[in-house]
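Several structures are given next for inspection.
Both complexes shown next keep chain A, but they swap its partner, so chain B is in the first and chain C is in the second.
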Partner chain A sequence: MSSVLLVVVSVNVILALLFSIGAAPIMVWLERRVAGFIQDRLGPNRCNIKGIRLGGLIQSFADMLKLVFKEDFRSSTIRERFLFSLSPVIVFVCAFLAFMVVPFADNLVLFDEVYVMQAVPVELGVLWFLAFAGLGVYGIMIGGWASNNKYSLLGSIRSSAQMISYEAAMALSLVSVLVTYGSLNLVDAVNFQAQLIFGFIPAWGVLIQPVATIIFIITAFAEANRTPFDIAEGESEIVGGFHTEYSAMRFGLFFVGEYVAMSTSSAFIVTLFFGGYHLPWLDTQVLKGNMPTVLAVAMVVIPLISFIFMRWVYKNNIWLDKNDARNKESIWLLKILLFKNVVILSLLGYALFVGIGENVTNILTCILQVVTFAIKLLLVNFFFIWVRWTLPRFRYDQLQTLGWKVLMPLAIANIFITATFIVVMGV
Partner chain B sequence: MGVKLIKREGNTFKEKIYLPAIFNGLKTTFSHFIRNLKDTSNIKTICYPEEQPKDITSNYRGVHRLTKREDGTIRCVACFMCATACPAECIFIEAKEREDGIDEKMPSVFTIDLLECVFCGLCVEACPCDAIRMDTGIFSFSATCREDFLLDKNRLLCNEPMKEGKNNG
Partner chain C sequence: MADIVFAILAIFALVGAFGMISFHSPIHSALSFIVTILALAGIFALLSAPFLFAVQIIVYAGAIMVLMLFIIMFLNVRESNFPKEPNKFISMFFGSILLLPVNIFIVRAFLKMPEKSMEIVEDGFGNIGSLSMELFTRWLLPFEAISILLLVALVGAVVLARKEES
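Moving on to the complex of A and B:
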C-alpha cells in the first residue's frame, strides 16, 4: 500500500467522521439556536470557556461531557441486559456506517493514480444506504422491547409501524432515480448530475426527478425519526418512547445516532438530488482547467465573507455586563479570522504566483468540492431543523396512509414514466 | 332560526396535497428566523440577571415592608388583623406596650415567612393603619438556608418602596 493511498484513505475516514459524528454537536447547537430564533427566543448563549461562547456552541460540549460523566443507571426490572445495552450501539453504528459510502469529492488523481473519495469505496452506494438505514430501526425496536416498560414498548411498536410504512416508498422512489442515472455507484450518480440540460440547466436530480425527490425527502424524514415523523419518541404522548429507560451515554448514543442519521439522510439527499459535491455549472474538468481564475475568485470571496460575518458578529454579539469576559469574544474571533484569512490568502497568492502543477490543481479541486459538499450538507441539515420547528407530528395511521396510499403509488407511477421515457428516448 | 351551513375546509385538491400549506408554514418560520438572525435585539427575551425586567408596575405585589410614621417610628399597632386575614398563616406577631406615648401598642416581634407566603396581598388590605405594604417591587429573593427567609421586624422596616420605573430586586 503506497503512502499516498494511506493518506487519502485516512483523509476520507476523517472526513466521514467529521461530517457524521463531528457534526452531531454542531447539529445540536444549530437545532437549539434555530428553534430559538424561529420561536423568537434566544436559545442557549451563556455557556463559555473563558468568555468564548461561539454563539452557544460550547453548550453542546458541556452537554456531551454531562452525558459521558452521568451515572449509567439501569433499572432492576430490565431482564434483557445484553439487548438493552446493544440497541443504542445498533442505532449509532447503522446511522454511522450508512454515511460511509457518500462521496466527498470527485475521484482524485495523484501521480497518475485514481483514488476514490469515499470512506468505504464500495460500488453498491444506494443499496448500502438502504440496508443500513433499514437496520437502524432494529436498535429502536430491541431497545424499546428490552426496556420492559409500556411506554418504551409503545414507542418501538410505533417505530416498526413507521418503518413498514415508509421503507417501501423510499426504496421505490430510489429505483426511478437509479434508472435515470444508470448506476448504483454514487460517484457515477453525482457525475451524471454535472451535465447540463439544454446547455444551461444543471441536470440535478431535483430538476429531472422532482417527484422522486419529494418522496425521498419525505421518507428520509421518517427514516431519520425527525418531526413530523418522530412518532417513535412522541414525548408529549409516550414520555420518551423507546429511550424512556435510557440514561447517560446509552441515551447519548441514541441522541447522537439520531443526528448522525439526520446527517446521513441529508448527505444522500445532497448526493442523489442536489448535485453532490458539484458546484452548479462548474464540473470537475472546468474547475481543473480554470484553477487560477477560481483561486483569484476565492481570494476575493473569502475576505468578503469574513468581513460580512465579522460585521454581523460585532452587531449581535453583545453582553450587557461590560466587565464580563464574554464581551472580549468578538475581538478574539476577529483576530483568529484575520489570521486565518492571511494564511489562506498568502497560500493562494503563493500558488498563483509560482504557478500550480497538476497534482496541486487536483488537490485544490478536491478541497473545493469537499467544501461545496459540506455547505450543501449544512443547508439540507438546516432544512431538516427548519421543518422540525414548523410542522406538528403526524399520527401513525396518518403516516401509514401517506406511505401506502399516496407515496407508494406515486413512486410506482414515477418508475413507470421514467422507464418508459428512457426506453422510448433510448438514452 | 335558519339553518347555518358551515363550509367544510380541507376538501380541495390543493388542501389535500398538504404541500402548499407546508410551504406557507415554512415561509412564516423562516421569516421569523431571518428577522431574528439579522438583528438579535429584535428578540423579546431578556438576559436576566444582567438585564432586569422593566415591566414591574407600581401595583406589583413584591416582598412586604412595614411603613413608618412621619417621625420614623413604626406605624404598626399590633392589632393582628393581617395575621388573621392571612390564608397562609405566615405572619407571626407578638405585641408589647408602646412606651413613647405615640400609641398604645406596637409589635415586639413581627415576622413574615416568605416560604409560606402566597403573595395574595390580603394582609395589606386588612391593615387598618396602612402599616404593611407590598410595594417594594422585589420579585426575586434567595437565601442559602430556610431561616434567612424569615423576615423579622427590622428587615421589614428596612425595605424601601419601589422607585419610579425601577425595582429593588
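Moving on to the complex of A and C:
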C-alpha cells in the first residue's frame, strides 16, 4: 500500500507547512489586532479587496506583497555578502525543521497498517527540537555580525548571551518531563497524557509537571526571541538589533522565521504539556468506539458555532449606507458558511446513514485530533501574543540571572523529586 | 544511496576542516568548523546512531560553538589585530608533506580492516535506551570518572574567574 503511504506523508508535510508557514500571516494579523485591543485602539482593519476585510486579515497579505516587491537594499559597507544572505535562511530553515517532528494526530491505522502522523517520523522527538531550535541562533548571530554595524553586532552578542542563559534550563526542564513520560517519542508523550489521574483529571503535563511547564514556557519565549526576551532585536534600544541592515525579502525571512519559531514553541508546549492532539477525557479508543455519537454531536455543534459567529458578524459589521461595500462582506461570509455547513452536514449525515467502516472511523478520528491540535496551537500562540503586549523587556544580565540562578536550580530540584517519586512509586 | 550521502557529508566535513585552519579571520574559522560538526552529525545519523546525532548538534553546534562565537564577537578583534601569516599556504603544504608517513599508516590500517556489511542494524541500536543501558552498567566507572573530571574543570574555572576581594 505504498500509494496510501505517499498520501499520508504528503498530508503530514502539508499540515506541517500550514501550521508553521501558513499560520504566519494569521499570526501577524492576530498580533497586530490583539496589540490594538490591549492598547485600546483598533489595529489594522481597513485593508480590503472589494469591501472584504475579514477583520483586517487582508492586511497581512498586503504586507507580504510589500515585502516581496520592496527594493532589496544592501549597504556597500557590508563585506560578508554570502554570510549576510545566508543568515535569514538559517533562521527560517531551523525554525521550520524544528516544527517537523510534532505529531498532529494519533497513529493512523489504514488497511491494517500503521502510519505515524509526523512530517519527519523520527524517534528523537524532543532532542530534534532542541537541536534545530538551538541552531537558529546562528542565523541571528551571523546576520548581526555580517551587517558590519555596531547596533547589529550588539544584537548578535546579546542573542548569543541569551542562548547561553536559557538553553541549560530548557534542556533540564525537559529531562524531568521525559522521565515522567518514559519516552523520547512525542506520540508516546501525548498518549501518556490521555490517561486520567484519580479517574477524572486528565494527566496533562501541566498538571503533573507544573514546575517543568513553567520553566519550559519561559525558556520557549526566549527560544522564539519573543518579548519579554526580544533583547536581540530591542528596537527601542539598538534600532532593530540584528536585522537593522535587512530589507525586503531578506527581512521577510527573518520576520516569518520569528513566527514559525513561535508556532514551533507553541506546538511543543501543546504536545508536551497540554495533551497534544487529545481532547480531554476522550482518548483515541473512546473516540473510535463512539464515532456515531461524536458525529451526531458534531452535526449539532458545527451549525451552532456558525450561527453564533454569523450573529456576531451581523451585530458588528453593519453600516448605515446600504450600498456600502463593507455590507457585502457579511453576505459573502453568510453564503460561504452556509455552503460549508451544508457540505459538512450532508457528508456527516451520509456517513451516519450508510454506517461507517473502520478506515473511515480512523480517518474521522484523525481529522478531529488534527482540529483539536490546531485549536490548542492557536490558543497557545494567542498566549504568546498576549504576553508580548503585556510585559516589558528583560535586560540581558537579568535573563542570565533568571536562567542560571532561578530556573536551573528549580529544574534540577524538579528532576530529583520526579526521579525519586517515580522510583518509589514504581510507576 | 547511503554511499552518496556519506560522500557528500564527508566532503562537507573535509572542506569545513580545511577552512577552519586556513581562514584568516577567527569568525570564519569558527563558522567553517560548525560545517564540519554538522557533517559529522550527519555521518552519525547515517551510522544508525540517532542519539549521537542529536547530542552532537545540541552540545557542539548548539552550545559550545555559540559560546566560542560569543567570545570572539565580544573581544571584537579587528583586522589589524590578526597575526600576519606570510607564506601560509606554503607552510601548510610542507606541513602536510611532513604528515604524509602518518597518513600512509592510517590508510594501511584502513585497508587492513575486516569487511563488514553496511546494512542498517536492528531497531534500538544507538537509541537513547540501549546507549544508556551500556553506559550505566558496563561503563559506569569510566562515565563517573569523566563526570568528576568535568566537575574539577568547572570548579577550577570558577576559582580562576573569581575576583579577588581587596
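By definition in this document, the second predicted complex is superposed on the first by the 420 of 427 C-alpha atoms of A that agree within 3 Å, B and C clash if a C-alpha of one lies under 4 Å from a C-alpha of the other, contacts with A are read in each partner's own complex, and residues count from 1 in each chain.
By definition in this document, a contact is a pair of C-beta atoms (placed from the backbone, for glycine too) under 8 Å apart; a residue touches a chain by one contact, two chains touch by 3 or more.
Just so we're clear, the structure is a prediction, and the values are computed from it rather than from any experiment.
Look at chain A after the overlay: chain B and chain C fit there side by side. Once chain A of one complex is fitted onto chain A of the other, the partner contacts of A:V286 are absent, as it touches neither chain B nor chain C. After overlaying the two complexes on the shared chain, residue contacts for A:A351 are found with neither chain B nor chain C.
Of the two partner chains, chain B is the only one that A:K315 touches; chain C does not reach it.
Of the two partners chain B and chain C, more residues of chain A are touched by C. In the superposed model, A:T390 lies in contact with chain B only, and not with chain C. Working from the superposition on chain A, the chain A vertex angle toward chain B and chain C, CA centres, sits at 120° in steps of 10.
In the superposed model, A:L135 makes contact with chain C only, not with chain B. In the superposition on chain A, A:L42 makes contact with chain B only, while chain C stays out of contact range.
In the superposed model, A:L127 lies in contact with chain C only, and not with chain B.
Aligning both complexes on chain A leaves chain B and chain C separated at their closest CA atoms by 27 Å.
The contact surfaces that chain B and chain C form on chain A in the two complexes do not overlap at any residue. Interface of chain A with chain C (complex): residues 83, 122-124, 127-128, 130-132, 134-135, 137-138, 141-142, 145, 153, 156-157, 160-161, 163-164, 167, 171, 184.
Every residue of chain B that touches chain A in the complex is listed here, in rising order: 19, 22, 25-26, 28-30, 32-33, 36-37, 39-45, 47, 50-51. Those residues of chain A that touch chain B in the shared complex are 34, 36-42, 214, 315-316, 319-321, 324, 386-387, 389-391. Across the complex, chain C meets chain A through its residues 27, 31, 34, 50-51, 53-55, 57-58, 61-63, 66-67, 69-70, 73-74, 76, 127-128.
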